[in-house]
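Each of the next two complexes has chain A plus one other chain: chain B in the first, chain C in the second.
What follows is the complex of A and B.
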């Protein structure tokens, strides 16, 4: 019960107190909508880390999901609620196909290649003008959120999506599949030696991760009502990864905490004008140096220490 | 009728010239990142940002203050090497010592890239910058046009690349660096000052990237946001050639430079890079360790 207390308080804050405080300000609602959706997208990166791969391609899959939902709703007239799962499915399938080849790489090689993949996807969106309209992008994407409370609707939708994503990832880590994933993270060859189909499981994990990227990118696109080849780029891909790392890789809540602190921190630094990005980067590097295991390791390390002392 | 072979011949020689010109400077970039990777086991995500820094050093010293080009290149190399040394001393050394996980050094590398990116933006602004030609004139060789400034850049880069290879193969510090790359602990047991040489390797790798930036700004313009793109080029080269191997860096530079030369000659716009990146993924399917690389893992 004690373990659930923290997350439950966070949930109450996020679904109750926060919207109560900011419901009048479209700026702050937009900030928190972004946080929810970026955190949701980062959950995919977290899952890829869970099988021992550093994923800097999530921007690519957010872009794929964004274009999928844009093309389906504007060109083919699909309703949003049908196009959204389709966007996740498309991103997941593309992730499965691409993943079945690139997941053979490990370590920094996989990281470098996924970074290149983000750039390749941007170039594909730029050159595949028949579908993506090239550099002019797709604009005027219909939104399901309307009326006076459209921002508040989007806030609750994004927050609930994040909650669903967190529950799904948490559930995955608790079942047999999660144990297999952890085995892959620890040692792939050893996992293979006890009869785990390594290739199949890592493609499965990567597909789920990419589907998260596709869904997150799709909702962000619909919220902004436009998409361009640069909407999700290399910077976004590294951001998604940084959210996971700085939140804490050992915790399912890590990406959410990372996205919250970093995105909110960046907004709060906007008073610094042109030095905003610089101060943000300095603070981030300091956090990496001082908290190598992420922000969530702060309170957990205290508890683990007391537990260790208790055992002695 | 007689036109076709001559035309074809001049196209061929123009492509060969373009590829060769580019490959020497690309070799500097690839050698720098592969050196840092071999010595420190750190993938330098800030490599492109170091290139940008070197380019801007030449822009200010040569383009704005009209120093001699050779002197401004030297200043660019020294400044970027100093940045590399600072990053190594205060960021990477402590994290490498206490962390056993590859992820934390990679995260730090990404963080330093972000830091240098925003530093460049704050210091140098967003504008695209170029410098006046160091030498003017155009040579005509076997149907290909060679601008004199490109030839000069090529010559300097080729000399620097050769100097680096001689240094790493035939000098005492070069041998120490190779020893560390092969086996860090054994090198330490043989009396190699691993800490000092690691710093040297990092500074040298950074300086090579800064030199490449300083050289290429005199033929292509540069802007403070170009870092990520250059890093991607560096990654492509060492993935093609194999990370941590000198010959692999050269091979990767040649392959990328000639792919660009061929691609941009026949296809305009951004399509060549899409093809290069697609080709890279297909290539890695068959040879994940690159042309010269050893199998890992």
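What follows is the complex of A and C.
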């Protein structure tokens, strides 16, 4: 019961109290819709960290998911509910194919390559005009959220998507697959020596990560009803990574907390006008210096001992 | 009966012939040691058998099936499992978790079942956990099973490495310098441990520097020097073999007369 208390309070806050407070403001609803979807997308980056790889490509897969849903719904008339899983699938498959070659690299080499991947995907979207319509983008994407309460609908949809994502990633970390991923993070050769097919599990983790990117990007695109080659770029890829770093890489909730604090923080600093980005950057550097294991380490530093005894 | 057959195996790194046309066999049920001075090619040989390195030429057969150049996880699936030197561990994980992960090949319930935590997967998890605890107890690590591996002393880590290998249910266990850096007491215990594993029906191939331990434990020994096999036989035969003595102690120099 004690273990359920925290998640239940979080759930009540996010699905009850927050929408109750902000349901009248489309600005604040938009802020929280963004937080949910950015956090969901970052969960994929977190999973790549979980197998020991720094992933700065999530913007690329958000873009792929975004274009997939835009092309399918706008140009081919697919319903959103069919196009959305398809967007995740496309991003996951592309991730699997790309991953099977680049996942051999590690450390800074993998990170650099994923950064390039984000840029390459933008250029592809810009030049593959037959599908993406190039720089003019795809606009007028139909949205499943309508009527007076469209923002509130989008809020709940995004929040539930985030919850489902958190639940899925948490289950992965708890089951055999997660154990294998942790083994890959710790030592790939040792994992191979006990019969783990390292290459296959690496690609599996990366595909799931990319599918998260595709789904998150697709919903963001549908919410904005437009997509351009620059909709998700290197800055977004870096942000997704920062959410994970700042939230805490040891915790499934890390990317969600990171996205919440960073995105909300940036909005709240808007009163500072032209100093907004400067103060934001300084705060971020301070957070990294003081809490190198992420914001969640604050809370867990107290409980670490009891946690370690409980886990296997 | 030969369990592992190595024939004409060669490996070259640039201009260095690390392993040169080496052939020998490991018989089922025995403890075979490969000895040789530093740089003799022992580790290269070891890695090629485990699938961590591809040979340039030659063949490796295990249980009459060809395993030459196959990836590590396939070789492990077929029953050849290696240990590493003690620094190779999953640092943050507990000893128990190491051995639970090493049961990877024994897990038969599907990935989806594990993901949704199905009843079958839960029962399997429980069985694996029990088996892991048994292996740890057998190797005398039961009392530290919840300790993070990075906090364990070296002797324990060596045993943990062996515990992981055993969890993968090997037919042939490859041990990489299992007695290195041990004091005589620890060596005694480690020798008993390896003998016990052999008694349980696991064939052992070990690479080792510690001559005294090797002489005590091995049924047969293969001596290598500069990538070539220079002798093969029982511990007594190896001890009295002139080429082995020369490889280890050097040749008398006639000109200087020493």
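Quick note on the criterion: the second predicted complex is superposed on the first by the 304 of 312 C-alpha atoms of A that agree within 3 Å, B and C clash if a C-alpha of one lies under 4 Å from a C-alpha of the other, contacts with A are read in each partner's own complex, and residues count from 1 in each chain.
Throughout what follows, a residue touches a chain if its C-beta (ideal position, glycine included) is under 8 Å from a C-beta of that chain, and two chains touch if they have at least 3 such contacts.
These figures come from a predicted structure and were not determined experimentally.
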{"item": "Which of chain B and chain C A:284 touches, first, second, both or neither", "value": "first"}
{"item": "Partner chain in contact with A:274 - chain B first, chain C second, else both or neither", "value": "first"}
{"item": "Which superposed partner A:109 touches (first chain B, second chain C, both, neither)", "value": "first"}
{"item": "Touched partner set for A:183, first chain B, second chain C, both or neither", "value": "second"}
{"item": "Touch count on chain A, higher of chain B and chain C", "value": "B"}
{"item": "Touching partner for A:193 - first (chain B), second (chain C), both, neither", "value": "second"}
{"item": "Parts of chain A lying in touch with chain B, wherever the complex brings them together", "value": "49, 54, 98, 101-102, 104-109, 111-113, 115-117, 119-120, 123-124, 126-127, 234-235, 238, 241-242, 245, 249, 274-275, 277-278, 280-282, 284-285, 288-289, 292"}
{"item": "Chain A contact footprint on chain C (complex, rising order)", "value": "50, 52, 71-73, 76-77, 81-84, 88-94, 96-97, 100-102, 104-105, 107, 111, 114-117, 121, 125, 129, 146, 148, 164-165, 167-168"}
{"item": "In the complex, chain A residues that touch chain C", "value": "171-172, 174-177, 179-180, 182-183, 186-187, 189-198, 308-309, 311-312"}
{"item": "Residue numbers on chain B that touch chain A, as the complex places them", "value": "37, 43, 91, 94-95, 98-99, 102-104, 106-108, 110-115, 117-119, 121-122, 228-229, 231-232, 235-236, 238-239, 243, 269-271, 273-274, 277-278, 280-281, 284-285, 288, 296-297"}
